[in-house]
Amino acid sequence: MEKTPLDRQAMCNRLAMEFQDGWVVNLGIGMPTLCSNYDFGDKQIIFHSENGVIGYGPLAAEGEEDLHLVNASSQYVTIATGAAIVHHADSFAIIRGGHLDATVLGAYEVAENGDFANYKTAGRKGGGIGGAMDLAVGAKQVFIAMEHSTREGEPRLLQRCNLPVTAVSVVTKVVTTLGLFEVTPEGFKLMEIAPSFTTDDVQAQTGATLIIPDNLVEFNA
Amino acid sequence: MKNKVYSSFDEAVAGIPDGATIMFPGFGPPGIPRNLIAALIRQGAKDLIGICNNHGALGNLMDVGRLIETERVVKWVCAFTAAPHPSRKLAFEGLYEEGKIEAELVPQGTLAERIRAGGAGIGAFYTPTGVGTEVAEGKEHREIDGRMHILEYPLKADYALIRARRADKMGNLQYRLSQRNFNPLMAQAATTTIVEVEEDILEPGQIDPDQVHTPCIFVDRMVRIPPAPEGIWDAPTRT
Amino acid sequence: MKNKVYSSFDEAVAGIPDGATIMFPGFGPPGIPRNLIAALIRQGAKDLIGICNNHGALGNLMDVGRLIETERVVKWVCAFTAAPHPSRKLAFEGLYEEGKIEAELVPQGTLAERIRAGGAGIGAFYTPTGVGTEVAEGKEHREIDGRMHILEYPLKADYALIRARRADKMGNLQYRLSQRNFNPLMAQAATTTIVEVEEDILEPGQIDPDQVHTPCIFVDRMVRIPPAPEGIWDAPTRT
Amino acid sequence: MEKTPLDRQAMCNRLAMEFQDGWVVNLGIGMPTLCSNYDFGDKQIIFHSENGVIGYGPLAAEGEEDLHLVNASSQYVTIATGAAIVHHADSFAIIRGGHLDATVLGAYEVAENGDFANYKTAGRKGGGIGGAMDLAVGAKQVFIAMEHSTREGEPRLLQRCNLPVTAVSVVTKVVTTLGLFEVTPEGFKLMEIAPSFTTDDVQAQTGATLIIPDNLVEFNA
């Protein structure tokens, strides 16, 4: 059987399955925005964006964009029923004040102590922090969605981050192309593994020692 | 009643001196004072210090990136000194790497809160954002309620260039949807606030007092944006 | 969708335990959660800590003064521990002078800002208000930009009892005129926010997103105020 | 000629004459509210109230009160054309942030160094600060309107306040029943004197040495 890494939508669906009815969630730039494609059924999820939108819906259809409304990725989105708008300081008061149930962010690296790095690449003078540092310290749950390895095949799950960190000891769950991981006081715990991969495969591509629980299941989302 | 309605953008920005500190709102396309930025470039003020979430966007619409390209800026306070993807690199990054422009990289929520503090007379505040990162280096730390915080100081400006959907002649403003973003904060934190308005400027009393987003006391000058092509409007840019 | 609409005030306040910290908005008659205060008195919780601009008003309308009279309160954080005129003295002052109630006297702007900080995750802030007065005694001082400031800490609460003009079923709120006062701040700074609503509770989407004063994410329970005499409404009191 | 102290409306009119076109002004509880009765002619004055009203008008007529609208003295007022409402933290951001051109407050005592006391009377455990401490440090001009002496005949203009102060070195002008005073680095300067009173009369009722300028004029408002 050929080893096929998880696709981005499946990865984001898996994190979206964690969201509970009534949760307020902020989705970071890029891959995390795919979480909003998940079918939440009866659950009501309120998507918050850094620019003060509390309650946005799917991307606007081509030609039907509202030029006054974008999400944090500058994509033209629709407004959800029952939305509210606030200014930028009030929007980050929501974030920093602990009113977000979860944020899903992309990352370059995640460390087994819950640190992560996502704003500055190696050797570059500038960085793009955006709302990430606030989201990381403010949200009750910090979920990361990223490729398991770099293009060069280097691991992104590490004992300690090599890049400048975005926040310290905040990540609770990570989904990668190889599975779902929980950050525990003892390190990364592999909760769900991509079909056709073995735990040895995953460990080999990981820069920290994985905890493999007895109840490890196959990734399914 | 003082007249706050100006007939042209050039007239509205005429007095901005070299070396001024200026706040520029906007987050993605909405809420960017494009017409005032264009007028400022025409006006020629240089050695400016800018406070803005980003340093411009890809695409061909007027924004702060144009001001930076024309090398009018000596310092930029922002949440992005590099684009998320190297493919989206703008003029700013080159100037910054060459040391031709100074920059202060600030987490976005801290940026918003510092601007709010500037307009609210708060001397400084402690935030947990940035603790343990490069942003915290050299800053005062304090543990409050078992959690580490860093001390951050307010931001004020000589000018704020603002964009609103609607205004009355007294200067009460309304924004629409995510156009609001930094606009109300910057209007309050600047000594002089200049606004470009998307709709006809109304008579006082035509905006419900419960629905004003920026009270008139923060607004000094307003210009109605003319129809395109004279006026610069937002448009989807997919370059 | 979670149901936030409760059928009675008694049901809405049923779980408030002894010793809870509760925020009560209001400034003059508008914006006081009179029905929820009445329900709280019936409910019987005691040893409460209250955060409120004042400690009640003259007149015969239900307000926090009634809660204090019934000796349910151990501590009160407020901007008035004495009435402006001795002729307007309320029960609170006697209890306070006798040491039966503890009080913290806070300048009104510092009170509002501390509540905002509580809801905004700000660890502490420096303000010039109160420098050189009894309020500053024992507080940390710091000169910033040539001006002396004192350090003030956030206020949070277990509950906020709120009054709004209008709500939708999701919990988005609008206030009318000076009814707004402390209501939005307290809704944001409390773990559980309970609202009494003056008009019929609307369907989601019936309030314009640009005109929401308190977003639904800060609201937990709502009760529609019934017509008088069952419901308690504001009325001019000139006693 | 009988010596008649200035009446309250005249005192407040005199301070109101200082307001300039476009000023944002906060009037304290009690006597200061009379400033809004002055006829400002073509000048537009915006009255701000602590409860977030930016632009209120005269008191509401009996029977026409809007139960959602009071000023800082809890009086039912009317809304001015072009008014705006903000919440309490934003209202004090206006005050503390230096956006008020003037405030007029009552006081028990004013000192020649610009200190004043208005929130706590002698021997009382409690006090009523309200918005006074914020207004005092935030407004560009702090004007005081008060009786020149206490009921017991003790002076209220003093070298130093006896009562706990509301703020330090902030008062710029004082109007009393005997005239208009400016607080200067050298102390109280009598600018305008109530008709029929002599400078000796005023000095005799004042607890600090007055500066009497050559251009002293008769109070007229």
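Each chain gets a letter, A, B, C and D, in the order it is written, and its residues are counted from 1.
Basically, contacts are C-beta pairs under 8 Å (C-beta built on N, C-alpha and C of every residue); 3 or more make two chains touch, one makes a residue touch a chain.
If you're wondering where the values come from, they're calculated on a predicted model, not measured in any experiment.
Chains making contact with chain A as well as with chain C: B. C-beta contact counts were set side by side for C-D and B-D; C-D has more.
Averaged C-alpha coordinates put the centre of chain A at 29 Å from the centre of chain B. Rounded to whole angstrom units, the spacing between the C-alpha centres of chain B and chain D is 37.
Put simply, the C-alpha centre of chain A and that of chain D have 56 angstrom between them. With touch defined as above, residues shared between interfaces to two or more other chains in chain C number as follows: 113, 116, 120-122, 127-128, 176-177, 180, 209-210, 213. Of all residues in chain D, those touching 2 or more other chains are 79, 85-86, 89, 92-93, 95-96, 138, listed in ascending order. Shown here, the protein chains touch in an arrangement that is not a line, ring, star or fully connected set.
Pairwise chain contacts present here: A-B, A-C, B-C, B-D, C-D [touch as defined]. Those residues of chain C that touch chain B in the complex are listed here as 113, 117, 120-128, 142, 144-145, 147, 149, 153, 174-177, 180, 209-211, 213. Against chain A, the residues of chain C that register as touching in their complex are 1-2, 116, 118-122, 168, 170, 172, 188, 204-205, 207, 209-210, 212, 215-218. Listed in rising order, the residues of chain D touching chain C in the complex are 29-30, 49-53, 65-70, 74, 76, 79, 85-89, 91-93, 95-96, 115, 120-121, 124-134, 137-138, 164-168. Partner chain A is touched in their complex by these residues of chain B: 27-30, 53, 57, 79-84, 86, 93, 96-97, 103, 105-110, 112-113, 115-116, 127-135, 165, 176-185, 213, 233-236. Partner chain B is touched in their complex by these residues of chain D: 21-22, 24, 44, 46, 48, 54-55, 79, 81-86, 89, 92-99, 138.
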